[in-house]
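For reference, chains read A, B, C and D in written order, and residue numbers begin at 1 within each chain.
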Amino acid sequence: MQYSGAQAAAGNPAARTTARLPFRGMKAFVGNRNNLLGLIILSPIVLLAAVAPWLPIPDPLAPDIRASLVGPSLEHPFGTDKLGRDIFSRTLSGLKVSLTVGFAAATIALTVGMVLGTIAGFMGKTVDMAVSAVVDLFLAFPSLLLAIGFIAVFGPGMWQVILAISLSDAPRAVRLQRSLALSLKSRTYIDAARMASAPTWWLLMKHVIPNTIAPMLVVASIYAANAILAEAALSFLGLGLVPPEPSLGNLVSEGREYLREAWWISTLPGVFIVIVSISLHLFSDGIRENLDPRAAGH
Amino acid sequence: MTNFRRMQRRTILKGAGAAAVAGGLGALSVSCGSDDDDAAADPTATTDAGDGAVPTTAVSPTVDPNAIQLADEQKLLVRQYNEPVGLDPHTLFRIEAENIATNVYAALTAYDPLTGNPIPDLATEWEISPDATEYTFKLVDNATWHQDFGPFTAADVVYSFNRVLDSALGSVYAPELNNMQSVEALDDYTVKFVLKSPDVNFLYQVGNYHQGQIVKKEAVEKYGADYARNPVGLGPFEMTEWQANSYMVLKRHEGYHKGPATLEEIRFNLIQEVNAAEAAIINGEVDVAMSIGTVPERIKRLTEAGLDLPQVSGASNSVWMFNPEFGQLSDPRLRKAIAYGMDIKSSLEQFNPSARQAFSILPQYMEMYSDAVTKYTYDPQKAKALMAEAGIESFSYKQMTTAAQGSVSDDILYQQALLKDIGINMELDIVENTVYNSRRTAGDFEVSNRLYPAVNPDTLLFGYLHPDNLPPKGFNSARYNNPEVVSTLEAARGELDLEKRKELYAKVQQIVSDELPYLPYSSGATIWAAYPYVKNVVVDKLSAVNWYPVVIEAHS
Amino acid sequence: MTSSATLARPASPGYGVEPLLSVRDLSVEFETKRGTVKAVDNVSFDLAPGERLAIVGESGSGKSVMSMSLLQLVTYPGKIVSGSAMLEGQDLLALQGRELRAIRGSKVTMIFQDPMTSLNPVLRVIDQITAPLKRHLGLSQHAAEQKALEALRRVGIPDPERNIRAFPHELSGGMRQRVLIAMAVACEPRLLIADEPTTALDVTIQAQIIELLKEQAAALNSAVIFVTHDMGVVARFAHRVGVMYGGRLVEIGPVEEIFENPQHPYTRGLLASIPTVGGEMPERLAQIDGTPPDLARLPEGCSFAPRCDLVQGRCRQVRPELTRRGTNHEAACLVTETEPGGAQWRQPNH
Amino acid sequence: MTAYLIKRGGAVVPTVLGIVTVVFLMVRLIPGDPAAAVGGETLSGEALELLRERLGTNGPLLEQYWNYVSSVAQFDLGRSLHTGLPVTTMVMDALPVTVVVGLSSLVLGMIISVPIGAFAAYARSRGNVGADSALTTGAMIIDTIPGFWLALIFILFFSIQLGWFPVSGPIDWGDPVHVVKRLALPVSILSIGQVASVARITRTAVLESLNDDYVRTARALGTPELQVLFRHALRNSALPLVTITGLSVGRLIGGTVITESIFSLPGMGTVLIKAIAGRDYPVIQGVILLFALMFVIVNVLTDVVYTRVDPRVRLS
């Protein structure tokens, strides 16, 4: 707000400059409600998915045809499918797969982005042009299409899905990191450090990486959320993970045959897709708001 | 069945003739024939081919169109579940294409929809030499080709059969005719086949299916590479429009030799996904849905929606094919371990109640079916013992299967879980129908399955077991080659005595069940759905519907 | 006092007239994360028809917020918490919806600080200037266009027929401010509020714009509230001047009175900071030591106390109210209140 | 304008060439011999050679590349391995469905989400944080619901339960009522998919615009609030909106692939999925190429529209 007291108080130019600096270290990750909410929702889910194999719940792959299409109950909190497999354990098992896909795809995109983006931003002309050309080329393809094309070549499966999804996110990450690196490059403290003949790796480690990790994490958590949805979509099309391995997408897809008799088969895993992606979005929003208070609306 | 007995008496079968069928009673026309009563008079005898427990959801009874009030507009909308790759009968594959082809093309004989026995069609009568090596057919003189390709003559038959055998065409159905020596036109309406060795089942080979369907030289040459999408036949319907990935239109052929059909037009809308198909028919977007699967919940929903469920049960068996070229599967003990490790019976009861476990390659309704075979029922102990005997504790193999949009059948998943318990790791190799088909043909799989609709026992037994039919040319995907089986089969084909022939076939079935190149899995139903106002939809033994007798009753 | 400032001083329309605008106890608060900020604190003043009142003060003194609150243009998180502003029998602060919009742009109009951003960049001048004419005067498109052209001509836009079809970015800053003035005066307002309308312009243009405003206001007999931090402009333009500090009106009176006999130490500081030869005014009044008060943490007592060189003990406890210092002249200072004779501390200046 | 278009079009040439190259390389990236992957490991001799020829993977790589580029330049995308139909015919038949569905959902998506975003921003600017949060959180939740699941529910409810919309059958372009009914559900599903991103961008942009000086000017001149919001603030948010529209097309293309297959629409997505399942690489290549080219064209259009919505952006 133009006329808020905060704005008036921020009248001194020094304060304004600090506000515009990219965030410092961990500050960006704490002290924000959204951020915290995202973590609060996500952590137990991740934990649950991680410890699922040791929980006293049925084997997610074990059929029990006497308990076919049983509704949610104490014994089967999420009900069972046609084969009598426990949807709760399948959901946890699917969560693990979906989270793995989401985080792995986001991590790959983030890593590729950080490395190539920094190189392009710092190494200058030829390298920059080459990297940017490749990035632009990949950005010319709609993202899911790129993933589908990848699967068309390498076939369905877990690692193919992870790579396919990261293939469509990585160019975006490279582009973002490049622009962040470019703006940092021109900043005075980098110049100062350079004048003190600091080695490039030190510059990168000390200034570039810490100052770009948070905005990159903003997008990476969105990538993770999108990857989970993309995996679901690919699985739905039969281009995702190979059954019987349950992913959340596979579960939603499998349940459609019995949507009317057993709504729980696809709905409850679907709810988890929604919860996980929302918490990732909240987490991302939180960091972003900390980086740029204006985005919060004040 | 009585077929061969009739032939032995050198019977000259008189076809029903155009006049008798003009009323549209195609399905029963054969019963009007001279001495064919026992074949079709009692339809229930053959529909109920299973062990007596096959569900008998009401099949549309055969209705006389004169007895009901017909709808003014005889246009039908049908759900087509997959797009035919092409409609060249000599190269086409799969039921979705066959379903259309049998209505577009005609052949010397047709198959009775209820019994599967050959009945007259383009051939009005035939004469078989006493040693069953010469077949002479009299042809109808009033059949005309679709699209102004003129009248049908014996030259067309000669061209057509030689085309199937032409290696340049590469037809997978050529082996069906490998006992054929020559075909010649004696005059415009008489054609004579000479066989290399006696074959009592040859009437099946010239039936309205694949190699038997007659094509027109001029049409094949005119369309060249595009012929498969521009089929020209002699059947009751002609293809007038084909929009890729969307729909196909068949219009009735005014020059059909039995008189034009009552139905004016059939529009096949492509709806691949079975859930969408269910929605479409319940929503009234189509009148008939081809093959809506066997999931009991869906069947129930469709019944509740007031739909008829025309179906054929036990017409063909699905078999698992073991490819011995892949490591452990060359050991019959491990193949048997797989067979004993699965609970086919319970699985079918649960997931596919309209099906029964099958124990032979031949469906039970066939006269040549034998019950004296090794039966593999769920016995995990025996499976473990067989594996121990083979010195193996556990092993993995790849099961090639198809998936309806990512979902593998519950049945497979159930068996997968059971096999895992005894140390057999079934890895799923999920591929789409077309790929499935081509890899199966090429023999590029470890284990896969095949459902081979056929009415001729020889088609099945020669196809699966004869080395002439090794992939990629034929259907012997297990690369089975047992000289004893081959000689027995060839002897059976020429055996004029029915009982002796039965014995020979029983011997083959016994050997095969013991060596297990193929595991007979299930004998299931093909279920369609149709609104009650669509009359005479009869799913035949080849899982196809002959649209010629179908009529639409007036309805609101 | 510099002669240039005094020479240009216009004559006041005088007292005793029924006021056009009567502002009483106007307070505006902002809710911020740091707490409630009193941006405008109990401001009261009158304005005669045709009178030109200048409001001066540092950045953050509340002068802009005060002027905007008269048209209820202060938006969230700002809120008018009390007060009234009677204009010809209507309380501007109590109006709502349709009534409020009927006043805005017709009876009372406003001109803002930055002509570069105050026009909508994606709409042509014609669309922006004719909209209020059509709305308030019910003119047809054609009539509104004619009137708009006339207004543009009056404010000295060259080739108005062509320029009216221009997009704002195609006009210079001075031209844009003229357009804004034309928009403001087109409906012949009774009151014109100008919020630092010349700050963003360069010096020569500034003078032209001031003259133009004066001319237009005089021609329409519109009263003007002119918010500025430039004492030079005040001298040239206003009849009366109000000084704001820390959200409060600390002194108000006729221009000549204030210039000759400022009663508030802050006013005195403002006057001292005027360059002797008329020229540009720095944004911040560096000559007054210390920084503007933190409105969220106002000290008890006089808010100027921390920076005041006359400060006494009670200044830190008691909040001074406006008291009468001369004809139509009031100031809020405990020290000068009891020691009238401000002339003594005007001395060092000369 | 024409000169600009020519110039902007010229800049597209390397991108298009790059796309063609990537699509060309696709088939060559298949592990092992692509022809064997398609035809089966046991395929050999003449048949294998024939298949290589149909895939264009025979001969030296450079020659393959040259052949591919020159045929693409002549709009020859080869023939389907399964149906033998020219790929150009197949994709051109499917194109209208995809374009109509895509464009309508783009428009409908905008009609739904722009006001949501604008009102959320307005509420926030007025201090109504609750309404803002409700709108933005609602949009976020909708965004994370898998579209295909929603599609199934829609079919269940609107088509089967209520019988309002058909879910199958070819599209009869001659009958507008039928077209609307047939496309209503897929278009709705696709537009819902865009709501969150478009609303979010709109909200941010409008929130920023609402703080702009001209908004205050407009208010000071008595402009009604709805006009302030839509005529002034929203119009100035057009640039980010045009950008997000361009990006939405990318998302939409992904979405059509799934939606078309659920609703049995004979569009390019259906063609693509069938082709992938059947390893019909000439068709896969053709569809991906066409989709990518469409996306490039949209991006060029986006740039052109930029100059339309904001007079400050010069054509250069």
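Going forward, a contact is a pair of C-beta atoms (placed from the backbone, for glycine too) under 8 Å apart; a residue touches a chain by one contact, two chains touch by 3 or more.
Since we're looking at a predicted model, the values are computed, not measured.
Chemist: Which pair, C-D or A-D, has more C-beta contacts?
Modeler: Taking the two pairs in turn, the one with more contacts turns out to be A-D.
Chemist: Of all the chains shown, whose C-alpha centre falls nearest the centre of every protein C-alpha atom combined?
Modeler: D
Chemist: If you average the CA atoms of subunit B and of subunit C, how many Å lie between those two points?
Modeler: 93
Chemist: When the centre of a chain is set as the mean of its C-alpha atoms, what distance in Å lies between subunit C and subunit D?
Modeler: Distance between chain centres, rounded to whole Å: 53 Å.
Chemist: How many Å are there between the centre of subunit A and the centre of subunit D, using C-alpha atoms for each centre?
Modeler: For subunit A versus subunit D, the centre distance works out to 22 Å.
Chemist: Can you compute the centre-to-centre distance for subunit B and subunit D, using the mean CA position of each chain? Integer Å is fine.
Modeler: The computed centroid separation for subunit B versus subunit D comes out at 42 Å.
Chemist: What are the residue numbers in subunit C that touch two or more other chains?
Modeler: Only 68, 75-77 qualify.
Chemist: So which bits of subunit B are touching at least two other chains?
Modeler: Those would be 275, 405, 432.
Chemist: Residues of subunit D touching 2+ other chains?
Modeler: As it turns out, subunit D has residues touching two or more other chains at 125, 152, 156, 261, 276-277, 279.
Chemist: Using the touch definition up top, name the residues of subunit B that touch subunit D in the complex.
Modeler: 77, 79, 83, 85-86, 225-226, 228-229, 243-247, 269-273, 275-277, 279-280, 282-286, 405, 431-435, 438-439, 441-444, 471-472
Chemist: Inside the complex, what are the residues of subunit D that reach subunit C?
Modeler: Against subunit C, the touching part of subunit D is residues 125-127, 212-214, 216-224, 231-232, 235-236, 238, 309-312.
Chemist: Would you tell me which residues of subunit A are touching subunit B in their complex?
Modeler: 61-63, 65, 68, 82-83, 156, 235-240, 242-244, 250, 253-254, 256-258, 260-261
Chemist: Which residues of subunit A touch subunit D once you look at their complex with the stated criterion?
Modeler: Going by the criterion above, the answer is residues 1-2, 133, 136-138, 140-145, 148-149, 151-154, 225, 229, 232-233, 236-239, 249, 252-253, 256, 259-260, 266-267, 270, 273-274, 277-278, 281, 294-295, 297.
Chemist: What part of subunit D is in contact with subunit B in the complex they form?
Modeler: 39-43, 47, 82-85, 89-90, 93-94, 152, 155-156, 159-160, 163, 166-170, 261-264, 266, 270-271, 274, 276-280
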